[in-house]
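The structures come next, written out as structure tokens.
In what follows, subunit A forms one complex with subunit B and a second complex with subunit C.
Showing the complex of A and B:
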């Protein structure tokens, strides 16, 4: 099921803020549409939805969407969102970050938001590169991937966000791509049902910078690769993987893949799965637990007053 | 009935926060501020408020801005190194005009410095610590009573002018125990941020008012506005239009500069016939006040100005002082951060000298008096 784009624009976007700063063909528009659709299908009241974003191309999304919105500082969105959620536990909080935002400068905040299991849907748009600043290496740039700060190919191992989320204690983890739009919306809807910290990693394309430097200058090439290089999860056989997107096109089997095999600390057999990767049963949002505690304290105070 | 109490400065700050209506605290432990967090972790749940210990000071500052947008009065407390980490999001609170209170209990720095020893080295960090030009309000308490009173005032000014307010305490007043009187709740003036009366479509969250601020509704109240660290229009949308930006700057500075009568706070002590004046603030003002009474016992005409609002600086008060006394002495636990301001304003019309140390030892009243007597010996 999909609602008309014109309806989404009218109901969920801020026309005065458009056009966006995003390049033609960027996956962020698809992601913004999917978020709006998910909110719409869940029947959420816009007044009761907050979107908190960081800095970067992804960070601009909060300005375009007609919710209660904060475009915060680089990497700090989960911390701003934690304050808001603890103050207004009844609000639905969407925290939107890019890969550099979430995993590099904001890594500590992300880890602790997951550890606290604070109730929010965290959307991490992973395009393997810093886009807004001009195509520099990000924590998910694959080994051998060319960027403006890795002119000979990145030689660092990329972050395994899935393993991090598992270890830190996130309640839910799903991976989607901007190629698979129906499941993208469904996965955000699933995340909205979670009590606690629900992370949706969305593989997106920066063909203008990362693609151009890695023989995938067309958005369509990168988006097609998302289908060829990812596998749907089988609930009975969940495997972990961390390569965000493949390094080169088949026509150009140059250094990157070779570099991959030379690094002995890389799990080169891993596949990138999409779908629900894990969900922790019985998870309860931190803000709910906190306010339950306040209720108990209030009861104790009343009992003590009655004794007097 | 006003209630006499006996507590230390950090406790008075915590109780002042509760009395002012603070219902959200996020912080990270650091000496010598940690008691504020410890006390509020017990007190806030008792009044239905939120206490959360964050992963660092960056996150603490972020959380109090987020919670303030949720409609609560919010605070964090720290010391120099943590205050440095807060500067990024303190700037965010300035530009997005979100009320909040940041308490900095100063210790000797830079870096880990002397963590348990008092200093006043963050005067300029409090003024200019975050990047870019910006208005800020900084208050400095010199007694346990003032820890309580100025904390209440910090919240009121934050709410009134939609700005972060820094309470610049120090390890002298924070650890000091003395008597204070807590007024009846009904006698404590409380200011709550104003709420919009217009329809959501007509609401301008950042209206460029001269000398005033726009109302600030809670998130969830139907106004669905945008908050950003980018320079923005009256609607909160990013702009690069120089004409709009100059109107925005005019609003940002005038909301403070046009309200100095409300914001400035100082006290004149024995100044009527004084020939020499001390200018002091925070923990050092205690030694200065003692020095004044010792001097008066000895017939020395010493007076002082105790500054409680450090920023914006009481410029006219100091300019006027230059016409009244021949010498101004500025004792402070740094190497002259306020003395430089005083020299700038006095502009040669009086002699200005500092008494400065930052070795973890307080400036004694006798030390100040020796310096004053030394002046008298000069023909």
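Showing the complex of A and C:
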């Protein structure tokens, strides 16, 4: 199933703002289309969906999409979204962040949003590099990845968002790529169903800055490499096997490593996993719990007044 | 499964939106699309198109669209409602 492009543009985007300022071939446009389709297939009213974005290339998405949108300060998108969800619990909140936005400057806010299990869908677009400011090393740059600030290859250990989300208490975690567009839409749909903090990490491409320095200068080569770099998980098997916390590819937990290692020698299970990585059963959104608690307190007060 | 009849589809490219990134050409499984001198896509072998919409899905700029005969009417209906 695919919604007609002209319908997406007319219904879910702001055509006056298009074409976007993103480079030709940037995966952010694909993600924008997938979000619009997921919202369409879920049958959500677009006036009842809010999109909160931070700063960066990804932050511009709130300007192009025709939901209730806020373009907030750098890294503070989850904080603004928490306030929004608590004030208007009936609203579907989508938080869109880049990897620099979510994991470096806003890591703190992301952790506490996950700890509170506040009901929002956080979309973290991971392109392994600080795109807007000129391609500096980001927390997700894989070891050996060349960037403008790591000319002979990054030697810092990249951040593992998957392990962080598990320990901080997110309700749902899925990883998608811009190559597998159909599953990207499906995973965002799954995340929209979750009550609680649902995190979707999307591996995207920055062929202009990261790819150029890592033998993937064309958008098509970089996106095509994601198919080899990642391995599709089988959630049923994962559940049956009772696997302990299993981190994906140890050198590079959440980034395409194609140009950096020979993928032929890498076992399937050692590649970056995509699909639903974990889902916590019985999770309840914080705003729902809060308003339930308020209701109980009001009932108790009313009962106490009647007694008097 | 609906039967796929190649050759009844039209490819529309909006050059105001297109940034000539080459993703649609790279993903077309039937080699319908080709690049022109300025790297914009055009339908070289339109008769092979099977309406898989991989080009639409991979277009980051909402520039390419496959028009199927029954859907031409549907889009006209949507546009009529909007107007």
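We adopt the following convention: the second predicted complex is superposed on the first by the 273 of 308 C-alpha atoms of A that agree within 3 Å, B and C clash if a C-alpha of one lies under 4 Å from a C-alpha of the other, contacts with A are read in each partner's own complex, and residues count from 1 in each chain.
The criterion applied here is as follows: contacts are C-beta pairs under 8 Å (C-beta built on N, C-alpha and C of every residue); 3 or more make two chains touch, one makes a residue touch a chain.
Everything numeric in this text was worked out from a predicted model, so none of it was measured.
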> Does subunit B (first) or subunit C (second) touch A:150, or do both, or does neither?
Replying inline: neither
> After superposition on the shared chain, which partner residues are touched by A:294: those of subunit B (first), subunit C (second), both, or neither?
Replying inline: first
> If you stack the two complexes on chain A, which partner ends up touching A:86: first (subunit B), second (subunit C), both, or neither?
Replying inline: first
> On subunit A, which partner's contacts cover more residues, subunit B's or subunit C's?
Replying inline: B
>> After the superposition on A, what does A:29 contact: first (subunit B), second (subunit C), both or neither?
In response: second
> A:8 contacts which: subunit B (first), subunit C (second), both, neither?
Replying inline: second
>> Just to be sure I follow: which residues of subunit A are touched by subunit B in one complex and then by subunit C in the other one?
In response: none
>> Using the touch definition from the top, list the residues of subunit B that touch subunit A in their complex.
In response: 24, 26, 45-46, 48, 50, 52, 54-56, 58-60, 62-72, 74, 88-89, 92, 218-230, 235, 237-238
> Taking the complex as given, what residues does subunit A use to touch subunit C?
Replying inline: 2, 4-10, 13, 18-20, 22-30, 32-33, 181-182, 218-220, 223-224
>> Can you tell me which positions in subunit A touch subunit B when the two form their complex?
In response: 14, 16-17, 46-48, 50, 52, 62-63, 66-73, 76, 79-88, 90-91, 108-109, 111-112, 290, 293-294, 297-298, 301
>> Using the touch definition from the top, list the residues of subunit C that touch subunit A in their complex.
In response: 16-17, 19-23, 25-27, 53, 56-65, 71, 74-75, 78, 82
